[in-house]
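In the part that follows, the structures are each spelled out as structure tokens.
Shared between the two complexes below is subunit A, which pairs with subunit B and subunit C, respectively.
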Partner chain A sequence: MAEREVGEYQAKTALIYNFAKLVQWPDSAFIADDSPFVFAFLAPDTLGSAPEILRGKRIHGRVLEVRYYEDVQSIREGNVLFCSPDSLAKVLADAPVYRNSLHVLTIGQSGDFAERGGMVDLTFEEDQLAFIVNLVEARRANLEINANLLDLAAKVIVD
Partner chain B sequence: MVHLRCKSILLAAVLLFGSVELHAQKPPTDLTDLDIEEILSLHINRVDFERWHVGYRFLFASFDGYRDGTKDLDLDEVLGPPPTGRFPVTPTVITQQAHMVDISYNVSQELSVALQLPFIRQSSDHESIVVKTVDGVEYNFNEFNITSSGVGDISLSGSYLHRLESGQRVLAGLAFNLPTGSIGEKGLTPRDPPNNTLLPFTMQIGSGTLDLAPTLAYSHRSDALRWSAFTSAVLRVGKNSHDYTLGNRFALGGSVSYKAHDWAEPFVRVSYKTTGSIDGVNEDLVVPAPPPCGDGCPGPVGVNAADISLAAPQVFPAPVTNPDLFGGKEIELRLGSKIKVNKGLQERFAVDVEYGLPIYQSLNGPQPKELGRIGLSATATF
Partner chain C sequence: MFSVRDLPLARKLSLIVALTTVIGMAITSLASMVYQVFTFTNFMIVELGAVTEVLGKNGTAALRFQARRDAENTLSSLRAKDHISGAVLLNADGSILASYVRDDNKSIALPAVIKEGWEIDYQILTWTRHIHQDDDFIGTIYVESELDELYVQAAKSAVAMLFITLAAAALAFLLGFMFLRAVADPINNLIATANRVSKERDYSLRATKYADDDLGQLSVEFNQMLNEIELRDVEMERRVAQRTEELSRANSDLSGSLQEKVVLLKEIHHRVKNNLQVITSLLNLQARDIVDEGAQKLFINSQSRVQTMALIHERLYQSDNLSKVNFAEYIPALVDSLFSTYKTGSQEIDLQIDVEELMIELDQAIPCGLIVNELMSNALKYAFPEERSGTIVVQLHALEDNMLELNVSDNGIGLPEEVGLEANSTLGWQLLNILTRQMRGALEVLERRQGVHFRITFPLMLESTTKNMV
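Let's turn to the complex of A and B:
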């Protein structure tokens, strides 16, 4: 019997959840010890309603919350930001929360997200998920990526 | 009537699948319970995937020299006056070019349909012992060239991809090759100068028949290595309007590719092919036997149209006009590489280059011998 196929959005949601578990944020990324861990999804690049399954889970001892934003100016918080490359450029230029804090893991799914300043790009090899890591951008944001995660990446950009 | 010689092919297909492990694996409902490696191994039902593939392919093949069975023949063993078993006209160097546009559409991640539009161009150098005088004009065919070109047999096809576990997959396809290529190409040959006459089988653009082309392939990828096995056939249906049918073709082979880099994947492929001879005689290709040559044979033999007796025996003037001298068996080695020109890992643009070399040929001869072929293709996916 063939392997059962799973939905793309469900699989990507699970993947970015696992990414966050293998990345270390500095303490300065959170206001308080009991601050939530926030996944922010910026339209038009979202994963439908699949991220709802993340609500209430815990990452690094913090309760996971999910936020959906329609535009850059409405972004108020986020430790993980899922967006398109064009949105990322606007975020870095315009979003108030990101002007003062760069401790955000940026994830996209465009195929060129990592080459355009993002940190993790979700892509496909035929019908299986793969990902590219831009280690330069991650280090610039003071995020420490676990070596095991880098070993699983299809490509790691180091310069 | 379709001639099917499939028993050996079916047996091979069964043997190919005998070693495939088949058992179910069911992911949990909450995928966040899986680790990254498990998620990366899942087959994804993609929301948005590339629907269209558009490609251009160029193939070039060359033939030089003759072979009968596995024995190479010198030209003077082929060229000569009948009825010595030799032919008064003999192609020497044959080149074939095919320019193909491929358009395919992914109906789903499993099912695809495709259209192939070929344009064929062929050239054949000849040597002959024929000099003809018609209406006081001498036509010396010691060395001459004929060419033909045109749209070939358009192909409509469908394929279905079935995924098994652990990187294994099976692809089944069926193509219908429509008889759109010309089988009436004409040119100036020694047969009836100065009139153009029907060119031999090798110079025709199409088959003239509806052909069925089934394919079956199995592949397995493990990390950077992918290996595959395949079988295919071209089955001719009925006879064409010139009352002949090209030989059926069967192929069986395997390949190994290695993802040396995220943009390059070289491969090696070996295939065994068997092709039947042509069924039926095209009466437009035979000629009356000329009168016995006089002193000075072998050499140019003058044949005046007025001297030919219609009651004389018919002969095939060139080996490529004799339907029995087609087909045979071949083992081909093909080397090449896929080169991805894309952003990220997704294949948006790719270029394939390959070189094919026959390492074994047993031909129904005397028959022109293939030296090799090269292929170049470029595809865009969107």
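Let's turn to the complex of A and C:
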């Protein structure tokens, strides 16, 4: 893995972590009060080993867990799901995670992830890390993204 | 009744300073309080304006993305500001995106027309600010603030100012009492000196000069005045002494002159008396050679009358008073003289003399003495013939209204029927009537059968009137 990629993954991991901190999940998103907050990474977009740094951290008062999945069917839990746009349609249609909770923040890293039904698309603008938010999808999943965070977005899809 | 006017000067000055301080401090405090209220109000307006601006900026994204929770979170940050009672974040169409009310039991009454800017009344201050995003109007933030804090601040200021005013007044009174002694002490000293000068009449006292100020000048002037009074007194005493000496000298001269006149008068009376006695002696010598008994009696009568007048002058030069004769001394001497002149037999004639201490002027004394002489000599010659014994009474008393009463009586044989009392009967009677008239008196014969009793009443003449007597 190129050094540039490592840096990018680390930056994106940090962005995802901080982004998640500025999103409000409904209480029904968690099975129990002590349920962990799960960051799920679906192969092949796993940001390498960068998410490992998140292990043991706490977010929204819960222990953060990082889980890696190889296929859609194996995704059982996840409050944040990082996946490719190609996987997104399958995830939305068939992922078992949605049997437990519809309140999953989907994050991808392609130019059209948000337009294809994803919620947050990590992208680059003029060599600067940026993000696009599909607020319609996020609100449909009852996720409330901090307005100030939205203000920082390169684009917000609202309709 | 208490009166500021009667207070001591130092106390009065202290009171004036304290009152002036209180009034000054009260005006200053009031102005300061008004200024503070004005400043605090401005501060509240500016602060609330800043708050609305921050809220507007923070609420921009919430408005833009219609993030109600974020909007509410943004507004809930106002809980840190106790005086802010509520706020509303309005969308561009006027609908409420989020609101905040400190007291859940209250609600916010938005104005009918929302105008940008601040408004204030007695209860609340409101700030309204429109929110724009890239020149697009996206909403409005409206914030309400209660003015309780303003009133509390004003009340605190008032209490603080009151305490400061009272403390300043007390301090001013105390310091005034201490420092104003510099003014009061010279004046008190001046008053004390003036009081002592007034009470003790001691013009050698001087007021103390404390400093070269107005009061010091007043003390100098006061002392100068005392100097002048003292000098004037000395001059006056000198003049009085000089005048007294002059008067004393004049008095001494007058006394000497008077003494000379007294000596002269005494000498005159003495010489008159001596001359009258010479006449008496001549009449006596002449009478011895007269064979005719009747003529001899006439000589003796004349001798007796001259002797009566001589006795008056003798009394005058022997006494201290050269113009009046004391009849209490004169009558006994006269009676003795008459006794020695007329009593030739060996019969017992008792004399009873009752005369008051009466000082009679010379002009009245001579006729009065001559009257006594006439009546006594008659009694001695005719009342007790043939060696009969009896009593002759002479009385002279003062009556009311400045009148005198002379009584000459005897218990002899009385007046024979043939003896008339007419004014022209005998020389004796003529004399009696003339002398009584001369004294402006009245002659009465109270008894003529069993002895004789004459009473003459006459007014006591004063010096001025006696000189006019004829």
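The definition used in the following text is that the second predicted complex is superposed on the first by the 151 of 159 C-alpha atoms of A that agree within 3 Å, B and C clash if a C-alpha of one lies under 4 Å from a C-alpha of the other, contacts with A are read in each partner's own complex, and residues count from 1 in each chain.
Criterion: contacts are C-beta pairs under 8 Å (C-beta built on N, C-alpha and C of every residue); 3 or more make two chains touch, one makes a residue touch a chain.
The shown structure was predicted, so the numbers you read here are calculated from the model rather than taken from an experiment.
Applying the stated clash criterion after superposition on subunit A shows that subunit B and subunit C can sit side by side. Contacts of A:Gln10 after superposition: subunit B is touched, whereas subunit C is not reached. Using the contact criterion defined above for the overlaid structures, shared-chain residue A:Val158 touches subunit C, although it does not reach subunit B. When both complexes are overlaid on chain A, the residue A:Lys57 reaches subunit B alone and has no touch with subunit C. Touch criterion not met for A:Val136: it reaches neither subunit B nor subunit C. By the touch criterion stated above, A:Leu150 is placed in contact with subunit C alone, subunit B being left untouched.
In the superposition on chain A, A:Ala89 makes contact with neither subunit B nor subunit C. In the superposed pair of complexes, A:Gln24 makes contact with subunit C only, with no contact to subunit B. Judged by the number of subunit A residues each one touches, B leads among subunit B and subunit C. Here's the short version: in the overlay, subunit B gets within 12 Å of subunit C at its closest Cα pair. No residue of subunit A touches both subunit B in one complex and subunit C in the other. Remark: subunit A residues 1-11, 13-15, 17-19, 22, 53-54, 57, 110-115, 121, 123-125, 127-130, 132, 149, 152, 154-155 touch subunit B in the complex.
Across the complex, subunit A is touched by residues 58, 60-62, 64-65, 67, 69-71 of subunit C.
Touching subunit C in their complex are the following residues of subunit A: 24, 135, 144-148, 150-151, 156, 158. In the complex of the two chains, the subunit B residues touching subunit A come out as 22-27, 30-32, 34-37, 39-49, 109, 162-165, 262, 342-346, 348.
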